[in-house]
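Below, chain A partners chain B and then partners chain C, in two separate complexes.
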Partner chain A sequence: MIVIIDYGMGNLFSIQSALHYLGAQSIISSDPHRINNADKLILPGVGSFYKAMSNLKATNLDEVVKEPVIKKNTPILGICLGMQLLCSSSTEDGFSYGLGLIDCPVERFSENKFVNLKIPHVGFDTVTITKKNKLFDGLDSRADFYFTHSYRMAYTDQLYVTGTCSHGEQFIAAFAKEHICGTQFHPEKSQTNGLVLLKNFIEKF
Partner chain B sequence: MAKKRLIFTLLYNDGGFMLSRNFRLQRAGDIEWLKSNYNFKNIAFTIDELIILDVSRNERNLERFCDHIKVIAEECFIPIAVGGGITSYEQTKAIMNYGADKLVVNTTLFRAPDFVKELISTYGSQCIIASIDVKRQNDQTEIYIDNGSTKIEVAFDEYIDRITNLGIGEIYLNSMDRDGTGHGYLFDFLGQLKSTVKVPIIIAGGAGNWHHLLEGLQHDLVDAAATANLFNFIGQGFPNARKQLLESGIDLARWETANIPDLKKSH
Partner chain C sequence: MISKRIIPCLDVRDGKLTKGIKFKGNVDIGDPVEVAREYYEQGADEIVFYDITASSEGRNIMIDVVKRVAQTIFIPFSVGGGIRNVEDMRRVIMAGAEKVSVNSAAVDDPSIITEGARAFGSQCIVLGMDVKKVKVSEKIPSGYEIVIHGGRKYTGIDALWWAKEAQSLGAGEICLNSIDADGTQEGYELNLTSLISDNVQIPVIASGGAGKPKDLADVLTKGRADAALIASMVHYRTYTITEIKQYLKEHEIKTRMLW
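So, the complex of A and B:
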């Protein structure tokens, strides 16, 4: 059973619809027992990092989510803000620590480089797959996905970067650190490209 | 740089999906018709974004509308924007819970700008589309609200300033003159947009064939071309239009559609 972690933020319905379409069973839950026994976890999220971490901490969900990922190697996919929450920290709405499952700070797109840069970065954009990973099996080395975000992973060990995108600067669009992976884009909103990626997560992790 | 977009707009009214011509509505069919006869999912896999508007002229039924959004969103893997008569948080919460990613506001922009401002601070700018219904009269651009029935006495450029200052994320410009005619988009009022307008512009009203969509997407100021006409792109019309647009060099997102039967496992 795949558990879509419910902490009060994010478009959970869309993710569950996509999983259902692919024939995978999932539940939307914040129950520690279910999260601990999940085959796979999906951490969704739309909104502010600070608010999301506060929500997770208020119910001790931060520790609940980390435990099976660290102790049982339960695969986890973070989507959009969910990807950022897997990181070590963010400066959105003031500095706050993340789950720290990957060592990386999250920062706002730097505005000073290009005058005409539109922030947030919204819409379909091309992801260049920089490192072969089973999450991208069956997709071209350049594939289009839907983004909506103002913050991004600032830098991390290149070893874990699997896809990049460009918005005034090159940024990390996807990472995979063994069973811990994240996409800055929304696979559940990216037509068949996203469905293929979710199918890979369901079947190959 | 994000890509240009092709948008389909579904007009919902009291349990049915509508054709609109110069804002006069005609019922095309219900949700079953849309799914089975019309084969909407075929269109859903060839567009970049979906807009669903409750254009009911009588009292709106939110619960029933949400049920319809849910059924559509279940097999639609793109961003979905929903609007029509939004005046309260209860509505927006319900709409967002059923798969909507963005909200479309029109009359509320004029009547309750402070509420729109609150929506922007709750959901973020990128979540709010300002929809404006316009009519050309003696070289002037007039703005209408209340489903095109009430003219407001605000100059077009002033209104654009006003709403962009609120912090809305996109502007959906719908020509009432061209609505449902299939005669092509009207671009006249785009010339009145100042260079300070940085938000994406969606053009709507009048697309009757893929050439019209091309004209729209080739326009420097246009980020997305929308059509609400259920019958101008029937059958393979939309898939073919997308193909033609890509071949004409429009920078639209690309994805496979041949693999859909392999992906769909639910029944």
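So, the complex of A and C:
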């Protein structure tokens, strides 16, 4: 059973619908027992990092989520804000620490005074797959996905980086560190490409 | 580089399309979910549903429509019309919509933008603006005034000021509708669109006036819009979204291509 972690942020029904479409069973839950016994975890989320971390901490869900991921190697996919929450920190709404499963800070897009760069970065953009990973099996090395965000993980040459995208600057669009995966884009809203990626997460992790 | 978005808009009343849409074989389709699926398959990047239902009973039907849409298409979609408070927003978001748009409710009480952004994030909140060209005055220095109630009521609010204000209140996008161009199929209001787009940092979706693919090319280049809303030109099957995107590609405008 895949558990979509519910911590009171965002549209969980879309993710569940996509999983259902792919024939995977899932539940939306914040129950520690279910999270601990899940086959796979999905950490969704839209909105503010600070508020999301406060929500997670208020119910001790931060520790509940980390435990199976660290102790049992339960695969986890963070989507959009969920990806960012797996990181070490963010400056959105003031500095706050994240779950720290990936050692990378999250910051706002750098502003460029010479270009009227639209923020949030909204719409379909092309992800360049920089490192072969089973998450991207069956996709071209450049594939379009749907993004909507104002904060990002700046590009680094760390090994966990599997896909990059550019919006005034290069940033990390996807990572996979063994069983810990994240996508800045929304696979559940990226038509065929997104469904292929979710299917890979369901079947290959 | 981000792709320009092509967004069909569907008007819904009591869970049905207000005008049936004719597809292959001239079959009249009144089900918004089926039409959304058709546009999804053609390569629409998002879909906008505009709910013109008046009754609360009709609104509950709309929530079911939203749920069915979320189970059928896997691209973002937004719901507008009749959203008066955060609770209205929550209902459509929990049913599977990515975004909600507020229009006259935000004019009446701008705090709905801030409260919505705080509850769901700015990316969820689209400010819909209906705009009419007027004489430049001290009150309306841009020469564009915000109107509400389908263009019947002038508000005395300058459109450029309101766009910037909505951005600072927390709106994540602006859907900019020219009442003058709306329904003409003679092209978008390019001056208005570039004026607003150049002066805000959030994306601008141009609306009103699309009749042919060149109109989209113009608004996405000269109008500097980030996305283009379309209605009649696809509803009447004059063009498919695939054809529009092919035209844009030939004119070196980047959109997401399915094939």
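Odds and ends about this structure:
FYI, the second predicted complex is superposed on the first by the 200 of 205 C-alpha atoms of A that agree within 3 Å, B and C clash if a C-alpha of one lies under 4 Å from a C-alpha of the other, contacts with A are read in each partner's own complex, and residues count from 1 in each chain.
By our rule, a residue touches a chain if its C-beta (ideal position, glycine included) is under 8 Å from a C-beta of that chain, and two chains touch if they have at least 3 such contacts.
Treat the numbers as computed from the prediction; the structure is a model and nothing was measured.
Superposition note: with chain A as the common reference, chain B and chain C are in steric clash. Of the two partner chains, neither chain B nor chain C is touched by A:Asn37.
By the touch criterion defined above, A:Asn73 lies against neither chain B nor chain C after alignment on the C-alpha atoms of chain A.
Contacts of A:Ser110 after superposition: neither chain B nor chain C is touched.
Of the two partner chains placed by superposition, only chain B is touched by A:Lys199; chain C is not. Using the contact criterion defined above for the overlaid structures, shared-chain residue A:Gln170 touches neither chain B nor chain C, since it reaches no partner. Once chain A of one complex is fitted onto chain A of the other, the partner contacts of A:Pro120 extend to both chain B and chain C.
Contacts of A:Gly10 after superposition: chain C is touched, whereas chain B is not reached.
Of the two partner chains placed by superposition, A:Asn60 touches none, neither chain B nor chain C.
Legend: residue contacts after superposition of the two complexes on their common chain; A:Lys189 is shown touching both chain B and chain C.
Shared contact residues of chain A with chain B and chain C: 11, 13-14, 17-18, 20-21, 47, 118, 120-126, 144, 146-148, 166-167, 186, 188-192, 194-195.
Residues of chain A that touch chain C in their complex: 10-11, 13-14, 17-18, 20-21, 46-48, 81, 116-126, 144, 146-150, 166-167, 186, 188-192, 194-195. Listing the residues of chain B that touch chain A in their complex gives 1-3, 5, 45, 48, 70, 73-75, 77-79, 96-99, 101, 124-126, 169, 198, 200, 252-257, 259-260, 263-266.
Of all residues in chain C, only 1-5, 40, 45, 67, 70-71, 74-76, 93-98, 118-124, 172-173, 198, 201-203, 226-227, 256, 258 touch chain A in the complex they form. By the touch criterion given at the top, residues 11, 13-14, 17-18, 20-24, 47, 118, 120-126, 138, 143-144, 146-148, 166-167, 186, 188-196, 199 of chain A touch chain B in their complex.
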